[in-house]
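Below is one structure, written out as structure tokens; comments come after it.
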Amino acid sequence: MSLLDASQSKPMEGGASFSLGNRMLRVAWGVTWLLLARWTPPPLWGWRRMVLRAFGARVGTGARVYGSTRVWLPANLTLGERALIGPGVHLYNQGAIAIGAYSVISQGAHICASSHDIRDPDFQLVLRPVTIGERCWVAAEAFVGPGVVMGDRSVLAARGALFGKAAPDGVYTGNPAVFLKERGLRRP
Amino acid sequence: MSLLDASQSKPMEGGASFSLGNRMLRVAWGVTWLLLARWTPPPLWGWRRMVLRAFGARVGTGARVYGSTRVWLPANLTLGERALIGPGVHLYNQGAIAIGAYSVISQGAHICASSHDIRDPDFQLVLRPVTIGERCWVAAEAFVGPGVVMGDRSVLAARGALFGKAAPDGVYTGNPAVFLKERGLRRP
Amino acid sequence: MSLLDASQSKPMEGGASFSLGNRMLRVAWGVTWLLLARWTPPPLWGWRRMVLRAFGARVGTGARVYGSTRVWLPANLTLGERALIGPGVHLYNQGAIAIGAYSVISQGAHICASSHDIRDPDFQLVLRPVTIGERCWVAAEAFVGPGVVMGDRSVLAARGALFGKAAPDGVYTGNPAVFLKERGLRRP
């Protein structure tokens, strides 16, 4: 985990929060995605899965990631079977992000797995993993904050900004997002 | 309407929500806008109107659309006379979007005319048209959700996220957006 | 200030809100940033400071601005010592924006220093400067609206949308953003 160690830096003084190895790896990742994937049309799902896996992402069978999706570090990403990550989604995974099988992340959503210690004069970076269950929906341009856990089948409405826990089958909306109703998913 | 028919797909299984014809048309549209309009400077309003009309948009006299505006499908777009669509606006018109005369959509706003049936195990796409009246203002980075109707001269404040109806002359703010006050427009 | 004079235009009739000189200057600025800075990797902080200063920005020692940051007009920008402007930040400074020493503006945040007079039939542009104090944090994808003043060490949480005043050491969250708690910064 030394590549990801963020402790003891001085971000307020201009110090880097990540090791040189981590930064070199991310340069390689950024260039690779730009050249091999960023411009590819939607149907090339298999190709982009391969590129993500080559950089250490755990990607389930049939998971679909658009070329315009931004991933901070593939090694911190886990996608379940047939998960769908839409166009323009930002997976800001300085900390780990896991998204369960059949979950859908819609266009422009942002999932952020890090924060800063606002009481610390050094403003230290804090990694807080995000876990999204199975068959969830994070709708268009929603925001899932650091440390959030979304239960299976929960829904975050468009532009919702979630900072707490989402119960299974719950529908959440607003900023900050609050519980709106039960999803009421019918049996297949 | 067969190009736009979204019923009976299986999005959760990876099935396309739109017909092959629709998808081919959108590829042609995306390439055309990229090559002919995306990079053009603001004053070329007339040229971009022509490109939009060539793909089926109904665009009123003097309507202004920036090159950085994204339109999902021009055939689903109606713009009134002198409507202004700002830089970076996202018109996600899987369903129809109509924007009335003299209305202003500011930078980075997102208008979204589709959703999913969250009670359906197949997570079916649902098209819900958006109608914005005349002399409205959707301010910077606001979000107008599926099925919304904004009455004439209504205002959605910056970053507001509107999911219900906006009364004529009403000013709405917040996420979810709520009525704040009457606009109090002076007589010209 | 004649370059920035926005009065007496007719934006609803398609009239420009800014003088020809202002618009020419912004074309030069946009092309310059695109060619010289937009694609540069993070460590070239000094180079980007130089480009910003050449166009009139007042940039303190060690201030860091990413290549993907968008600045409307450098002449309207003041950055304090070691301020950090993150990737994808939008400084929409039609009016003046000042950001104090050691403040951090995180990825995708938007600071907007102009609005429109919604009671005016001509929908006149209104310039309203934004002032952010020292050691503040505007977190990921937050929005700071026209005329806002943020006191020293105040915090706007991720996706927060602030339209009023933020007291020193206050933490604000939500849309519209409200006071959540005191920051409780420890002594260094």
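Every chain is named by a letter (A, B and C) in the order it is written, and numbering of its residues begins at 1.
Everything that follows uses one rule, which is that a residue touches a chain if its C-beta (ideal position, glycine included) is under 8 Å from a C-beta of that chain, and two chains touch if they have at least 3 such contacts.
Keep in mind that what you see is a predicted model, and the values were worked out from it rather than measured.
Participant: What's the rotation, in steps of 5°, that superposes subunit A's Cα atoms on subunit C?
Facilitator: 120
Participant: Report same or different for the subunit A and subunit B interface, where same means the shared residue numbers exceed half of all residue numbers found there.
Facilitator: Homomeric contact, different residues on each side for the most part.
Participant: Mind checking the centre-to-centre distance between subunit A and subunit B? Centres are C-alpha means, answer in whole Å.
Facilitator: So the centre of subunit A lies 27 Å away from the centre of subunit B.
Participant: Which residue numbers or ranges of subunit C touch two or more of the other chains?
Facilitator: Within subunit C, residues 161, 175 contact more than one other chain.
Participant: In their complex, what parts of subunit A are in touch with subunit B?
Facilitator: The contact residues of subunit A facing subunit B are 41, 62, 64, 82, 84, 102, 104, 107-108, 135, 137, 139-141, 155, 157-161, 171, 173-175, 183-188.
Participant: Once bound in the complex, which stretches of subunit C touch subunit B?
Facilitator: Interface residues on the subunit C side: 11-14, 27, 90, 92, 110, 112, 115-116, 118-123, 143, 145, 161, 163, 175-176.
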